[in-house]
Each structure stands twice: as structure tokens, then as C-alpha cells.
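In the two complexes that follow, subunit A is the common piece, with subunit B as its partner first and subunit C second.
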Partner chain A sequence: MYTRKKNIFVRMSENVNVQKALGVILPVLLGIVIFVLWQTQVIHKIFHVDVFTLPLPTRIVSIMIDNISDILINTKATVFAAAIGLLIGSVIGYVIAWVADRWKGFGSGGLIIVTAFNAIPIVALAPVMTNWTRDVSPDASVRSMVSKILVVMIVSIASMSINAYRGLTELKPYAMDMMTSYAAKRREVFWKLQFPNSVPYIFTALRVSAPNSVISAIVAEYFAEYIIGVGRQIRENIVLAQYSTAWAYILTACIIGIVFYVVLMIVEAIILKHRK
Partner chain B sequence: MEERMNSKDVQIHINHVGMTFKDNKGNDMEALKDINLDIKKGEFISLLGPSGCGKTTLLRIIADLLKPTKGSVRIDGMMPREIRMQQKFGIVFQSPVLLDWRTVRKNIELPLEIMHYDAQRLPERSAEMLKLVGLEEFANHYPKQLSGGMQQRVGIARALGIEPELLLMDEPFSALDEFTKEKLHVDMLDIWEKTNKTIIFVTHNIQEAVFLSNRICVLSPHPGRLSAVVDVDLPKKRTLDIRDTLHFSELVAKVRNSFEGGSL
Partner chain C sequence: MMRKKWKKTIAVISTVSMAAMLFAGCGSSGNKDMGSGDQTGADLTSTSMTNEEIIKKAASEGKIGNWGLGNEYEVEALLEKYGLPTDYLSQSYDMDSFDNDSITLASAMTFNELGLVKNDYEGAYGYGDTVGTIDMNEEGVAMLEDNLFCTREFAEQNPNTVKNFVYASIKGWEYACEHPDEAAEIVYKYGSSVSSEHQAYMAEEVAKLVTTDMDGNPVTDIGKMDDDAMEQTLDLAKQYVTLDDAAAAKKLKDTTLDSFRDTSYYDAAVASTDGKDLGTPEKTDVSIQLKWLPQAQFMGYYVALDKGYYKDAGLNVEIVPGGGDISETTAVNNGTVDFGVTWVTNLVSANAGGMDLLEVAQIYQRSGLDLVYKYSNFLE
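Showing the complex of A and B:
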């Protein structure tokens, strides 16, 4: 029988290994293209900007290297606010989901209120939190940290409570009947069925809220009293027209966001290894 | 139609059981009407009928997953709820309901953990059950790595692991292909012989019911009612080729003709 030989590109694109490799190669290529266009000032010509407001990549990197100790101090403050806020917010979100499942009457109504909270923009939230935390501590650095954590926390609650609620309630058909037939207690149903079932949903929530927590911490820093953090440095340096330094901190912010996401992906891959 | 027998042999006594649901317009929907049935210890009994005949509803009432609106069920003289609280029901559902995050062995141990079974003897007990269903080599596999037939066998092993008084099976093989189904039919008869459990088996497949059971309760729909009880006088030890005998065909025909309103 005569079969038409497929063209080499079609055959290659059907190969699984080629597909996997392309998933890495294509984004890297795009990055290189952008870098080249940026470094050769093609981007500057297209968008009519000068090298002062949009410094060249090599210049940004050299500023980062020169200021590495300052950058690390500010990174630490931002990462701390983002991580702690994310942790506390996620735990609160999970507890809300648990309550919504445990007392069904509260359920959907409570979750709608939580979602509504999520719609408040961070720029509106941050000054309110700074004002609220005025009397928390005589130390401005502590006050600011608490207000930043509160902002991140509120932003993290909604995505966790909605996803965790699904994780607690979207069970396999008959799973609840099965537990009932074993005369399982409510505590056993939770720990042996509902909680493990909700774990993939926890990761779904974190995929959204982990990068969000970094952005929220940075925006909250704009409004914070105490001058520290990656976000605050971006603002301060733009105000002082030190665009190269500002861009060094913008790049730092990107790196923090990516690191948060990658760490999450690795943890997820380990924990959910057998579920795929 | 009533099916009564000498009271001392009876394990399950179903007495005037009726079940009425409300449909979404608020009208009454009679799923079961006046079911009377006695089941002996060690029987393999099938509840057979088309969809809507209430066979699953009746099984769920026996298992105390539903409360009947009329009548009562007694198992060894006790309420179904008491039997359930003593963890004496082994149920196999339409889907295997395995927990994806537990290995096959851990899935079988789940009800035993809930029963506070002696932790030291757990591995021994689950290994024994795996052997019974022929899955010893798959103890440490995860459910997603198994075929549908193997998953359902894990479900059967899990149900039997708790030494149930009663094994209740709700169309357990309906989602499987013919070849897997045949294999599991033979396995099921083997398990029944080895364990001597009372088995209540819900199905809509006449051949399956005749091949497996020693008695078939034929249910007819609208409202769900017991329209006939057919004794299957085939030898207890059966092989697949028994289905090619004339007697098997006659039994299938007899069951088919026993549905109210003629053949289906």
C-alpha cells in the first residue's frame, strides 16, 4: 500500500520529545530576540524612548551587580511580606472553605462576600492598611511590615477559599456513600477523603496567589511608611529619575515572581507525583 | 408478589418496603411499592430490572444509605443502621471509588483504618485480600496505573476486607468491556464459594443475573415492584460454557418472560 510520506516538519512536530524541547526553546528564543532588539536600541526607536528612561540591559545588569547588597536587603523584606501574607491568607482561605462546607447554609453566601473582597484594588487597600496599623508598634519598620502582610493576606484569601471549597466538595461519585457505609466520623471523612482530595485544588489556588502575593507586596510598599522593599525602591528611584537603578529593582521583582512560581511548581510536582 | 420462607433461615427480612421521592416539580414519584422479600444467609441474589425499577434504591435502603418511606428492613434481627454502625456492610459501587492518592494496598486498608483494625495486622490482611482478587503484584501501584477491571477488583477486595456480613454490589461491572466482565463473573463465583458471603447484586443484564445468582428478584418499573422471583437451579460451581447449555437459555427466557407486561 502506498502511503504518502509526511514532510519532515510535520513528522518533527508530532514527536513528543521535539514538542517538549520546543516548550523550552521557543520562550528562550523569544527572550533572546527581545534582548537583542533592546540592546541594539531597536525598541527605543520603535517606541520613541531614550536610553535614559529605558536603560540598556547590560547597564541594568551592571547596576544590579554594583548594588547587590542593597538589592538583597530589599528583596528580603519583600519576600518576607509576600511569603508570610500568602501563608496566613491561604490558611484563612482554607478555613473559610471548610466552614462553608461544614455549615452549608453559610456556604455560598460567605464565599460570595470573600470574592467581593477580592475585587478591591490593592492601591485602595494599601493606604487603608497603613492607616489601620498606625498603633501596632512604635517601630515604623514593624508597622509597615504588618500592613504589607495584611494586604497580601487579603489578596490571598479569596482564591484559596474558592478553590479549597471545590476541593472539599467535588468528590468522586459514591465517595461520600462509601464513607457513610463505613460509619466514618466527620473527622475521618475530612482527613481521609476531603483534605487529600483538596490538595490539587490548593495548588491551583497557589498558582494564582503566589505571583499575586509578590505584586501585592510590591504595590503595598509604595504606600508603606518605612522605606524598604523592592517596590519602594522602584518608586524612590523613579522619583529621583534614577531610571537604571529603578529598572534593576524592576528586574529583581520579576525574578522574585518567577522564583515563587518555580518553587511552587517543583513542590506541586513532588506532592502530586502519583495523581497524574 | 411476596417471597417468604422459614423464618430461622432468613438473614434479611424486607417487609412492605415502599419509597416515594418528590420530583423537581414537587410531585410524588413512587420508586418502590410494597416490596416483601426474605433472603437467606449465603445466598447470591440478584435484583434485576430495567432502569427506573428501583433496584438501586432497594439496595441503598438495605445499606442504610436511604430511609424507606414505608415498611422496614431487618438484618439478623437488627435495623440496617445498627449493621452500618457496626461496619458490617461491604459495598461495591458502579464505579470503583478508589482514592487516587493511596496505593492499591492503602485503598484496601481504608475501611480497616476507620474500623481501628489492629495496625500490625493491616498489611497481612490487605495482602490476603489482594491474593483473593489476584492482584498481589499491584499492591504498591496507584489506581491510575490500573485498568478499569483491575480497579473494580480492588473495590471488591476493599469491600471484603472488613469481613462484612453482607456484600452489596450495585451494577459493579456495567462499565467494563465484555471480556473483563466475563473474567470478573468467574472470579465473583470463586470469591462467593471461598467466602460464603450473602451477596446482593444489582444488575440490568439478564445473562449476568442467571450466570451469577442462585435466586433472581425481577423488578418492574412505574412503580418499582417485585414482579417475580426465579430460582436458578444451576450447580453452584459454574464455568463460562454453562451459558451454552439449553437449560441456561431456558432460564434466561423464563426470567425475560417474568417481567410484567411481557418481554422487554
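Showing the complex of A and C:
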């Protein structure tokens, strides 16, 4: 029987290698197109903005190169606040989830409260934390860092506790019954069944809270006493109408967010490699 | 059954206490510490320390505050004058950090924060004469603040509008400075961000800034652009405004007085006897962007509007309040509004960044920035 040969495009689109390559090529192409439209000021014409408020990419990058040491100092402060806050917040979030699972009656209410805390806007949270931490240290750089970390921490707790709670409770059918039939101790149930089950959920939580932690740190910097950080620089430069420099820091903030996400993806790939 | 009930009770109590703790944090940003001037040493009304000693002590403790965001250059110049590093703490817009001593030498505008610190009306801290001040004008590091500006393009296309607007605004300022109490009431009527008592205090203090120069001499020509004061402001700006953008930094260094101000509109307005010889405005519906919320800081414009001075000049004026991080230079530059009020430094920095803004009148003739301290914190 004669089967009609599929045309080249169909065959290509079905090829796994081509699909993989396209996954990389298409986003890069889109990036290049946006870059060209931006640099040639087509975007400016479409959105009716001037080169002043939306500077050209070449100019932004040249400012970044000129000020790389300043940018690194500010980046370090922002990354430190975001990373430490994310780490502490996630650990606390996991502990809350564990408590909520261990003492069920106590827990479900607690989770709702944690979610409610998450609904407090960062702009409201940041000044409160600055006020709270004013006795932490006579050194303003230390107490400002503590207040920024606290803000990031609170934001990170909620997504972790809710996801981890699901990871601890949504087990394979009868898994818990089997553990009971083995007369497993509570500790064994946790380490052998619940914890491994919750690992993918941990990463789900981190995927949300990692970029969030960068944003929280940046907003918290607006209100901190000690003047440092990518967020503070964005604000200072916009108020002084230095849009090119502000954009250099906005781009820096984007890069930090992307790096956080990529690092997370790599860690996830390594840890979950032998799963499935 | 009983155990479950107990658990629930414990859960409720603990969550409520957690929430209460958080709100306690919020609460201390209010007026919790009002009247803490009653603490030890509050009856002190002087110190034997000199300004230099006070500044050095506060600097060594790292407790000098300023809002930053373009307000910090006078403080930096002052610190450098005394050979100190130019670091300062970021101060929020209330004076709580001064009240609780996390900042002992705080920035305060004479017409605003200083009143909140000293006076004892609602929302103020009531320190009275237990606080001292360091005046930027006396220290020789004063920079000019509130001016009146538009874009160069707007001024060139609408010269009569600008002349008439300057004429009517100055008339408003003259009236306001002569009758600050009435001016305060007018501002309050147009939507005030502060209490009427504070508004009255502010009007009194603003009148002083408009009618006194940096050396303390009376100013008769309200709104004039004094070369010496502007040069001093520009020199300090060139020294302390750091722009990371190399092109902007170079442009700032090359700035001269004539590159950002034009006295011709002001001269014409002052030369006019009744404002009728300034020509018909090309654009009659104009707006002015304030640098901050509606308050007596901008009373001249509100008086000109309320008394019909703008109307007499053939202008239909809308006053647009600012607040927070509103960038008045950007608003004027992109044509959202026609005129704006900003500080000379902000205007010069914006021009360095690529705008082409033009100052057409200088309303404030001296710096309104003080550093305020409690005498009790500076005993020898």
C-alpha cells in the first residue's frame, strides 16, 4: 500500500532533536527580534515612549560595563538578603507544614493564618520590619539587612508550608496503611515515606518563591535605613530622572531573578534525576 | 472530645498573639512615643557643644539622617566641610527615628518636619525648645530649593503663557507672604495633607524662605534668580551629585547657569505694571505639577488660583499635587503637565540625563533644610 510521504515540515516537527533545538532557538530568536526592534526604536514608536524614559539597550549595557564594581556591590547585598531570607523562610515553612501534619487539629488553622500573612503587601511589611529591627544592632547595615531578610522570609514561608503540607499528606494510596502494618515508628514514616514524597513539592514551592524573594528584597530595600541594593538604586535613579542608569539596575534585577531560577532548575534536575 | 477543644483553643490563642505581635510593630510607627521629651534631660534648652562637635559626635555614632533621593547633597557637603565621611542613614518621612534616637541628627525642613518636632498640636512630637538646629545657610552649604520651571520647547512656543503664568504666580506669592494665615486657610481649603495648625505654621516658615536670602537679608523681588545663590547651588551639585551614566556626568560638569534658566520671562513679568502688557497667552489651559502633597509649601500658586490672579492673566490653571516618588521633572518633560516645581539640583540632574528643562523663576531664596538634634543627646 502506498503511503504518502510526509512533507519535510511535518517530519521535522516530529523529530525529537529538532523539537529540542527549537525549544532553544525560538526564545533566542524572539529575544533577538525584541533587541533589534528596541535598538532601532521601533518599540518606542509603537508605544509612544521616548529614548529618554526607555533608553537603548546599547546605552544601558555600556552603563552596566562602566559601573560594574558598583553594580556588583549592590547585587551582592540584594542577593544576600534574597537568598538567606528564602533559605530561612523555606525551612520555617517546611517545619510549619510538618507541625500542621503532626498535630492535625492545630495545623489546618495554622496554615490558613500563614496564608493570610502572605497576603500582606511587601510595601506594608517592609516599613514595619524596619521599625521592628531598630534595636537589633547599633550598626545600620546589619539591622537593615535583618529587616530585609525578615521580609523575604515571611514571603517565602507561605508557599513552602502549603506545598510541603501537600507533599507530606498526599501520599500514594495505602502507603500509610502499609507503614502502619509494618509498625513503623513516626520518625521512620517521616524519613522513609513522607519526606521523599515531599521533595518534588519543595521544588514547586521554590519555583514560586525564588523569583518572589528577589522582588521582596528589592522592595524591602526601598524602606531600609541603610542605603544599598539594586532596588534602592533603581529608586534613586528614577527620582533623579537618570533613566539609563535606572534601567541598568532594572536589567541587573532581571538577571538576578533569572540566575536564581536557573540555579534552582539545575539543583532540581540533579536531585530528581533518579526519580520516575 | 475535650482534647480537641483544648487544641483548638491553643491554636486560636497562639495565632491571635502572633497577629497582635505583628500589629504591635505597626503601632510603634504611630504616635506611641509622643511626649517622650519628658524623659531625662528634657528640660535642657541649650548645649555648650559647637555645631562642629555635634556633627562629629553624630557622625561617629553613624546617626545622621536624611531622606536621600536627591535631598542629601547639603548634608554631604556639610559632612565634607568638617572632614567627615559622607555616609548618612535613610530617614523615613515621619520623625519617629528622631523621636526614638535611632537618628540623633535628623534632617528637617524648617517649614515641615521641624514644626512636627517642636510644636505640640495633633501629630507633632512637642519637643518645644529642647531641640537645637543647624542651619545650612549659616553653614555655607545651602542649595536653592523650590523653583518654577517648564521645558525649553514649551517656553519658546508659548512665551506669553510663561510670562503671564510667572506674573500671576509671583502676585500670588507676594500676597501669600504678606498674609500667611489667610494663605494657609486657602491651601487647607484646596485639600490639605496636614492639619490646619500645621498648615498655618508652614505658611509662616515658607514666607521666611521666600523673602529672605541665604545671608539673611530681606528679598524684595520675589522669584528672582540670584546669580550667587544659583552658582553656589550649581557648584555643590557638581561636587556631590554622582551620576553613574558617564555621558550624564560629563554633561553635569559642563552645566552653566544659562544652560538651565532663562531670566527673560521673569524680567518681563516684573517690568509689567498691571500684567496687561504681557501679550495674549498662546496656551490658556495650563497645569502645574507640585513636588509634594498640597500644603503651604506651594501656597503662592493656590493663592493665585483662589484670588483669580491666573484668571485675570487669561489662564485656566490646574494644580496637580505630587507625593511619594512622583518625578516632577519627568512629568513636565513628557508633557503631562506644563509647569513644575522642583529643586534646582533635581532640574540640573534631569537636564544632565537628557531633558531640556528651563527654570523661569526661583521662589525659595534660601535653603529650608536644617539638621535637628535633642540637646539631651549632645552634652559634653
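Quick note on the criterion: the second predicted complex is superposed on the first by the 275 of 276 C-alpha atoms of A that agree within 3 Å, B and C clash if a C-alpha of one lies under 4 Å from a C-alpha of the other, contacts with A are read in each partner's own complex, and residues count from 1 in each chain.
Here, a contact is a pair of C-beta atoms (placed from the backbone, for glycine too) under 8 Å apart; a residue touches a chain by one contact, two chains touch by 3 or more.
The structure displayed is predicted, hence computed values, not measured ones.
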The chain contacting more residues of subunit A, comparing subunit B with subunit C, is C
Identify the partner contact of A:Trp132: answer first if only subunit B is touched, second if only subunit C is, both if each is, neither if none is. second
Is A:Glu236 touching anything from subunit B or subunit C once the two structures are fitted on A? First, second, both or neither. second
Using the touch definition from the top, say if A:Ala184 reaches subunit B (first), subunit C (second), both or neither. first
Per the contact definition in the header, classify A:Glu14: touching subunit B only (first), subunit C only (second), both, or neither. neither
Just subunit B (first), just subunit C (second), both, or neither: which does A:Lys172 touch? first
Let me check the overlay on chain A: which residues of subunit A are in contact with subunit B and also with subunit C? none
Give every residue of subunit A touching subunit B within the complex, in rising order. 172-175, 177-184, 188, 192-193, 196-197, 199, 274-276
Spell out the part of subunit C that touches subunit A in their complex, as residue ranges. 4, 7-8, 10-12, 15, 18-19, 22, 25-26, 28-29, 61-62, 68-70, 88-92, 96-97, 100, 102, 241, 243-248, 325, 327, 329-330, 333-334, 346, 349-350, 353-355
Please name which positions on subunit B make contact with subunit A in the complex. 60, 63-65, 84-87, 89, 91, 93-95, 97, 99-101, 110-111, 113-115, 142, 144, 162
Going by the contact rule set out above, which residues of subunit A touch subunit C in the complex? 50-53, 62-63, 66-67, 70, 103, 105-106, 109-110, 113, 117, 127-132, 134, 138-140, 223-227, 235-245, 248
